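Accompanying notes for the structure given below.
Lettered A, B, C and D in written order, each chain numbered from 1.
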Amino acid sequence: MPRTNTDVAESLAAAGRRFYARGWVLGTSGNFSVVTHRDPLRLAITASSLDKGSLDTSHILDVDETCTVHGGTGNPSAETLLHFEIVRRRGAGAVLHTHSVWSTMLSDSHGLDGGLNIEGYEMLKGLDGVRTHAHREWVPIVPNDQDMTRLAGVVGTTLDAHPAGHAILLQRHGLYTWGASLADAVRHVEIFEFLFETIGRTAAYRSRGGHHGIAQDS
Amino acid sequence: MPRTNTDVAESLAAAGRRFYARGWVLGTSGNFSVVTHRDPLRLAITASSLDKGSLDTSHILDVDETCTVHGGTGNPSAETLLHFEIVRRRGAGAVLHTHSVWSTMLSDSHGLDGGLNIEGYEMLKGLDGVRTHAHREWVPIVPNDQDMTRLAGVVGTTLDAHPAGHAILLQRHGLYTWGASLADAVRHVEIFEFLFETIGRTAAYRSRGGHHGIAQDS
Amino acid sequence: MPRTNTDVAESLAAAGRRFYARGWVLGTSGNFSVVTHRDPLRLAITASSLDKGSLDTSHILDVDETCTVHGGTGNPSAETLLHFEIVRRRGAGAVLHTHSVWSTMLSDSHGLDGGLNIEGYEMLKGLDGVRTHAHREWVPIVPNDQDMTRLAGVVGTTLDAHPAGHAILLQRHGLYTWGASLADAVRHVEIFEFLFETIGRTAAYRSRGGHHGIAQDS
Amino acid sequence: MPRTNTDVAESLAAAGRRFYARGWVLGTSGNFSVVTHRDPLRLAITASSLDKGSLDTSHILDVDETCTVHGGTGNPSAETLLHFEIVRRRGAGAVLHTHSVWSTMLSDSHGLDGGLNIEGYEMLKGLDGVRTHAHREWVPIVPNDQDMTRLAGVVGTTLDAHPAGHAILLQRHGLYTWGASLADAVRHVEIFEFLFETIGRTAAYRSRGGHHGIAQDS
């Protein structure tokens, strides 16, 4: 477990490289944070408007709940408020936001449903606390909003309404997920991005004359 | 051919990196084994809950048929039972489980058929014992199950029912294949993952108004 | 900001490697330029007929508005005229042309519409001057033409007709975008390539029985 | 231009790595050759049954027209006959066979047409001798055959029937293309693989309710 600020910063930069290689944080999108102190609450979070695949440790900011920067170079993203909201509501140790094609597409296509149901996949077992593929994971879809304070409020309310959930989708904006540690959160990102692509391709295959399988709510 | 435990461990870690780069073992999914001793039977197998793209040699466990760990750091996956089942039934030297989007999708869409037929592809010639593209490869699809002992039994029965087969699919869980050597098994993984993607895209192309080709049972 | 010709050349070569890795400049396609002097106008531009993923600094040409080469090895692409046209009309500091599958496909499918409308995506906020996902970005599609002088004229007229736009598509030929700096232009390429893929996949998902989301003009 | 056998072997291995990274030569598929001597005709060609992404120079064989091996480690592929056929008919300096998902899929879907027509794409200008996107490229599709002598005869007849063509597809087997040099042939592979993917995605987009563009024969 990383102990120093440099370790944390390097881990966040490494996560950025990993996600960038997958095409999940193109065009300076995405933001990643790790809790570095609980009381008072402090995050190490990626600076805004930077290519997340080429971060160096100076690009990781040390911020408090007022979004005041105490270290690092750059400005915090407005979405920092969402990171704090998730950390407080879920007691998370790390929060990750990726911005993939599949998550963006499904958040749009399922927007009117208010969410996306995923069940029956073995991959779900990689989510904290999930022990079986028969698990039913509801991923709420929250309408996007440029008023970040308002959006953070909606995200908070949504998290409270779905206390067992592991992620939320912002419509046409991407995935937010979290974990007790950065490694847990990275694993969650990979699991959800995998599931979004699988669901996207499965619905397409079926309606094009492919074969039938287990009934699927999505 | 790797002779020492370190060689075997490094080969397994290399296979993990290769598969991870393709997106076939995201979110700590997948597991890989090599037979290191026949009588008594011993496997070198990847530890559970680890990112398979970043394994180091300490993450490769030395286990016996009771799944007791004799070396390495970590816990063996429950799926270790499946590896032993396949090794015993097929006399395999290596067993690989990958967890790709296309294999997961097809295992779902063809689940009610109980399997997937693949024929006519030159790529099939890369499978052990196959000499012509006119080969007909049946890939059974086994329903997923969290009771690993029960699942191992079903896998064993399925393998006996299809003695010429080179792989099985676990529904919404991915591919299991094997080979006399790790290199053979890696080649088999690449062949099946290629064929799953080709089949998935072909059915889509045809039903969307694309042209007609050789009749295909899948 | 790169100050010397070598810095500029290395930055262009690095952009080439990045785009090549994505598959956006296969088969020696694509061309990239940076303004090195304003009056008289001079560009550092990639030489023609080279693999853009393997450029070295000698492959970056120093050209003036008559396309005379003052430094570097190789011949300038005929498309150099388009780069100058965009630089003059937009005051751009860098112009990038990528040639991806998705951009080529959408430029073809939307050709009769004369353009492609993109709105509602958070990713649009990465475009210079765009502050909200509610932004409506019109990407004109210009018919391809081997007469480069004529094509440059049409591109110029199109740019003037859409002064707020950030990109144009050449039909079955790919994307042209620009920025105040090379980093801005690279960010724009990634944003548009992401959006093209998302739009391509979304339309497909909807008409195959996927769910409904926000009304979309594309 | 490579002069020595080691240079040629390294260039072929590099081409293998490049194609493997794209997923175009999975599972030991694919084979690549360069003409090293004209009279008598001698090829440097990849040995059979090897992972084409991990070749070293010893895996490149020096063969004559009887397929006798004069240097290198391994056995020549039976497809060596196809390489010689293409070299003789076209005077090529290099022949490349890749085995991608998209080429395999289109060779299957268009099999009954006997070929695939590609026109209107700027990318076609990268093919030797092609000066305009208005070019019409016919890619014949030849039924696969395990009798390599017979297949070489059919390939030869097909090449003679389409003297302006730059490639052929073997049904459910992949792409064969060539060039005066290895660099030309590599460029041709990238161009055709790009075009196959674009055509595959375009037909899908149109029939799913996407917009209409230039009439396309494929």
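In this text, a contact is a pair of C-beta atoms (placed from the backbone, for glycine too) under 8 Å apart; a residue touches a chain by one contact, two chains touch by 3 or more.
Predicted model only: the values in this text are computed from it and were never measured.
Participant: At the chain B/chain D interface, shared numbers over all numbers used: above half (same) or below half (different)?
Facilitator: Different, since under half the interface numbering is common to both chains.
Participant: Please identify the chain with the largest separation between its CA centroid and the CA centroid of chain D.
Facilitator: A
Participant: How many angstrom lie between the CA centroids of chain B and chain C, rounded to a whole number?
Facilitator: Between these chains, centre-to-centre, one finds 42 Å.
Participant: Taking each chain's centre as its mean C-alpha position, how far apart are chain A and chain B in Å?
Facilitator: Once rounded, the distance between the two centres reads 30 Å.
Participant: Where does chain A touch two or more other chains at once, residue-wise?
Facilitator: Within chain A, the residues that touch at least two other chains are 204, 206, 208.
Participant: How are the chains arranged in terms of who touches whom: line, ring, star, complete or other?
Facilitator: Graph shape, chains as nodes and touching pairs as edges: a ring.
Participant: Give the pairs of chains that touch; include all such pairs.
Facilitator: Listed in label order, the chain pairs in contact are A-B, A-C, B-D, C-D.
Participant: Inside the complex, what are the residues of chain B that reach chain D?
Facilitator: It comes out as residues 22, 120-123, 126, 131-134, 183, 187-188, 190-191, 193-194, 197-198, 201-202, 204-206, 208-214, 216.
Participant: Going by the contact rule at the top, pick out the chain D residues touching chain B in the complex.
Facilitator: Contacts found on chain D: 23, 26-29, 51, 99, 101-102, 104-113, 144, 146, 170-174, 200, 203-204, 206-208.
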